[in-house]
Amino acid sequence: MPNFIMSYLRSTEALTPGSAGSQFWALIYVLIIFAGVSLAVICMNWLERKALAHFQVRLGPMRVGPHGLLQPIADAVKLMLKEDIIPTEADQFVFWVAPLIGLLAAFTVYTVIPFGPTQAVSDMNIGILFMLGVSSLGVLGIVVAGWASNSHYPLIGALRSSAQMVSYEVAMGLAVISAILMTSLNTSGTGTLSMIGIVQAQQQQGVWFIFKFFPLGFIAFAIFAIAMVAETNRAPFDLAEAESELTAGFHTEYSGLRWSLFMLAEYAAMIAVSAIAVTLWLGGWMRPFPNLLHAPVWEFIFSLCPGFTFAGLAAITLIGTARMPAHSFFKIQRIGLAVFAVLLGFIALLLLVIAVAGRSADISVAARFRDGIDHVYWFVLKVAVFMYMFIWYRATWPRYRFDQLMKIGWKVMLPISLGVLVVTAIVGVIVK
Amino acid sequence: MNPGMHSALNSAVTAANGGMAPVATPWFFYSLAALAVISGVLVITRRNAVHSALALIVTLLSVAGLYLMLYAPFVAGVQIIVYAGGIMVLFLFVIMLVNLDRASKDRQFNRIWPVGLAAACVLMALFVSVIVKGKALFTDRGMPLSESSNTQQIANALYGEAGRMGQYTFAFEIASLLLLVAILGAVIMTKKKI
Amino acid sequence: MAEDVKTPAPPPPPEGEKKPTAEKPAAAAPVAPAKPAAPAAKPAAPAKPAGPVPMPWISPMVEKYRSQYGSGLDAQTYLGQNYLNVDRSLIPDILRLLRDEEQFDYCVDITAAHYPKREKQFDVIWILYSFPRNERVRVKTQIADGATIPSSVSIWPTANWLEREVYDMFGIAFDGHPDLKRILLPDGWKGFPLRKDYGILQQDNEWVRINLGIESGQ
Amino acid sequence: MNDRAKENKNDLSIHSLSNLDLEAPEKTYLDSNELILNMGPQHPATHGVLRVILKLDGEKVLGTECVIGYLHRGVEKIAENRTYSMFNPYVDRMDYVAAVSNGLGYCEAVEKLLNVEAPPRAKYIRVILTELNRIASHQLWLGTHALDIGAMTPLFYTFRDREEILKIFEKYCGARLTTHAFRIGGCQYETYAGFEKDVKNFLTFFAPKIDEYEALLTTNRIWLERTKNVGVISGADCIALGVTGPVLRASGVKWDLRKAQPYAAYSEFDFEIPTGENGDTYDRYMVRMIEMWQSMRIIEQAVNGLPEGPIMGKVPKVIKPPVGEIYHSIEAPKGELGYFIVSDGSTQPYRLRVRPPSFVNLQALDVMVRGMLVADVVAVIGTLDIVLGEVDR
């Protein structure tokens, strides 16, 4: 194998490919992340429709594939085959480029998201700053899309979303800073903006930042959690695309593939901001209680979690297969679901084998592999909780009005986040 | 732990026996510079203000890329977050409220454009003469990299380190006070009743 | 089809009869049964006319206005529902008085009816209700085709759309209405559909002829 | 009471409706913040084919103009060309979410004109079905109103529970939406076996469901912020604008035709008229929620006291009312639904006028949304509870 492939794998230092200078592996990671996020968006699409449907006493997609499992694929095919309409009065070039801006911004963010200590494309010195900056570029796509459509509803949607995002970025940034302040509570007294560094700081201090200085960390986290919903234009802050007011807001004039790019960007941005929240406050890739329960046996037990999760999913799917109506009409669906269950079971088995193999050998490839899976698993699990919360919000709450949204952003969130920041700084100095 | 950008590049250079070149090549520099210049020209030549704004964003982003190549990631990050993410959104916000039909019919340049061109030429000449005549000023062609990261250097310069006051602490505080006054002034001027 | 049957043979308008009988209500009794004489098959028919006959409506309010306005006003009650037949010239005064003095503060509806055979072709009807008195009254007046009638928007704002609808359907113009234009029908509509002489089929046939270039099969 | 009459004299801004300058704003560099926004007739929140032209300053509404008639079917003209019985099903198509109420109003109006009365059992059946329909109408209102404000879930809850009512309708008369449940003179159908049980089951089924809706909305902070002090209209303004129904009651006027001028068998039942105080969207919400409880009370009393006897009054085979005219109105879920019928003694109405509550209530939209935001327009359209089938007829 060529040297530039192996040198990264052989290096004993735990570095991300970007930091190790391995462009080949960085590219591989980029591709994996791109595919993974796209897959996650597809899953999220199905899950949102399904979960929302069950919130609302209905079944959701049931026709395409067993329990509508193939619905996202059908949707994607439909959207790709749909006629791509550009209104005559629209600004052709800007109309064309707008979804790409949003998509680029949403996906570029993933270069610094640490799925694990080495499971990131690069460990940037200014990771969190880069993330905030690039994700704030996403609003450009929305603003420009609304303007280029040359229509009133998209324009109002764009104006709303630009005002909204600019306002909430302030509170969001201040909340982030109070988390970054906490990273400097070490012997050297220097904090870090690196995403991996932030998680490692939590590891060193032995506490997730959400529980640090108890109410302070939590308040900052809560502010971020609210602001990130506003940043991604999701309910109850989905004013930019408020369908009952602005029909579809900024993407009213969009259709087909171009529209689906907006959706892809929205969901990718949701995952990205959730990843920021997880990294900053919820210990990133760390499993629960890494300091308290650090005996090898605990290590092993926790490393079984990914396998058991998939096993559980497989079991649920099997139950679903068994509960399918005994009618010849459902035969194909039943077979499909069974195949899906077997697939999940196979993945579970694989993960369990890796967990067991990683236990016996100390520093082998299997152990590294197991650690990697663990890190990614816990990270994804925490992000998944946020994604569920997004759906939950949407099912529960009405939509805020524009002036109320602004009022909350400027008159409630901003003072609180400023106060938390100041108090965190004072407490930090005292503790030191 | 010092996983900075520069260390990444350093280790890239050292570990480059695999045959891959480091990222910071002249090729990148020239393409970013060309992008910045071309989009900068587009900013002033586009009739449509939104197109100009989009070109300006590209300029700002390519300048941010140049900062990155200079091992100044913090400045690059701030460039993106403040200029491209913040100020340009507000720009667009205002531009969208402006009636573009009329703006696009107006004259692109007013009558003093020769003066502007002359000023630009003079500035250009100045730069060239400084570079040509002042070669002695730029003896060190290699970039000395400090041990600490660029972000930390900026922090030290602004806030001081180890109890000492920083080099620019006073200027920084004055500047922030000025900004605060400007914000308050903007609020007072736009709000009819406080 | 049905409209063809209807238009040439509009039955004798009831209002045309009621107006003359108003002075002598006793005469109304023989007139009313004369109409439903045809359905003689029905046993209940002879019993009925005894009940529903317009009777003079006697109340202090009516007395007061009658003394004030004389013959221009005629109050009757039919099936327990009171109405005033008012001369067109008295309409603005009466409506305003009804609201200001008699507390008929709620204008339920404004509508009209078309009697093409009559000299004054239209009845305009205001249905009023008084919240304090829990009482309804109808005010009716007759106007000729092309004549206008004072708008009551300044008395009851609700009259705005109601008058527009009357204009839309009957072509009765209201003087002083702030924005008298069609409301339910498109602006370019021809004719006033609720007039008895409005031809539904002619309009359809014309549309088919113009837009499809064929003769309508209707 | 005279001071209310005086209040009415206050000039309402409704006059400025027509003065609304709907020309495009003057195009200047930075002063183009006045925007004409066309909402509808294809818009998710205008409940059908209502078209509202909004004049906006930023998001603030400077004025509105409603363009209606997209669903005009000429019901009144049709009535002149149909016999009294033939026209009966047509009224269901006006307010199609409260078809039973429409039918009740029409049948009672013609009965009044014929001077006959429906037998007590028919009256009770009418009350039960009408009140069930009122609940169904309010459920549909609640779901769509909440959806307009952004809460998706109540819509599905209300539709789930509305289904139970529609099942009863279907069992009773075979139709779910446009029921044509009543005939002139009484009811066509005797109650099916188990009707009482079904209705009682529904009452026990539905009581916790209202709590479920309320749990999602009544104390929800966002819901409160979106509805409190939104679309405020005073009682005097309501009366001047002819607004009736829950909107009027939410503004503090305790007036309900079921109490004020009882029809059918309403005088025999014990129920309250809920009123609000502020006349805002939240009060209208609360009034309708309480009305659902009151309707359940009425249904319970009616179904328990359902008398035996005939269901059809003495109505001739050929309905030929004597010469005369009648106005009869009922309290439909949306407000006062009136029928003004002129008979010339023939088998067809000479003139039939429907006084639609939605049409008159919609007129108040402009007064209610001026100075509010675009999002409030949607909320107010929802809270007025209009049905375009009835507005346009």
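Chains here go by letter, A, B, C and D, matching the order in which they are written, and residues are numbered from 1 within each.
Methods note: a contact is a pair of C-beta atoms (placed from the backbone, for glycine too) under 8 Å apart; a residue touches a chain by one contact, two chains touch by 3 or more.
It should be emphasised that the depicted structure is a prediction, and the values quoted were computed from it without experimental measurement.
Of all chains in the assembly, none touches subunit C and also subunit D.
Relative to the C-alpha centre of subunit B, the farthest chain centre belongs to C.
Averaged Cα coordinates give subunit A a centre that lies 30 Å from the centre of subunit B. With centres defined as mean CA coordinates, subunit C is found 68 Å away from subunit A. Once the centre of each chain is set as its mean CA position, subunit B and subunit D turn out to be 62 Å apart. Averaging Cα coordinates per chain places subunit B and subunit C 78 Å apart. Contacts from subunit D toward subunit A in the complex involve residues 35, 37-38, 43-45, 59, 146-153, 155-157, 160, 216-217, 220, 222-223, 225-226, 373-378. Interface of subunit A with subunit B (complex): residues 2-5, 7, 11, 15-16, 18-24, 91, 93-94, 97, 122-126, 129-130, 132-134, 136-137, 139-140, 143-144, 146-148, 155, 158-159, 162-163, 165-166, 169, 190, 193-194, 196-197, 200.
The touching residues of subunit A, counted against subunit D in their complex, run 52, 55-58, 152-153, 156, 160, 235-236, 238-239, 242-247, 394-404. Subunit C makes touch with subunit D in their complex at residues 2-3, 6, 10-14, 17, 32, 35-36, 38-39, 42, 44-45, 48-49, 51-52, 54, 78-79, 81, 99-100, 103, 105-109, 111, 113-114, 125, 127, 131-132, 134, 136, 138, 153, 156-158, 160-162, 165, 169, 178-179, 182-186, 193-194, 196, 198, 200.
Those residues of subunit B that touch subunit A in the complex are listed here as 1, 3-9, 11-13, 15-20, 22-23, 48, 50-51, 54, 57, 73-74, 76-78, 80-81, 84-86, 88-90, 92-93, 95-97, 149-152.
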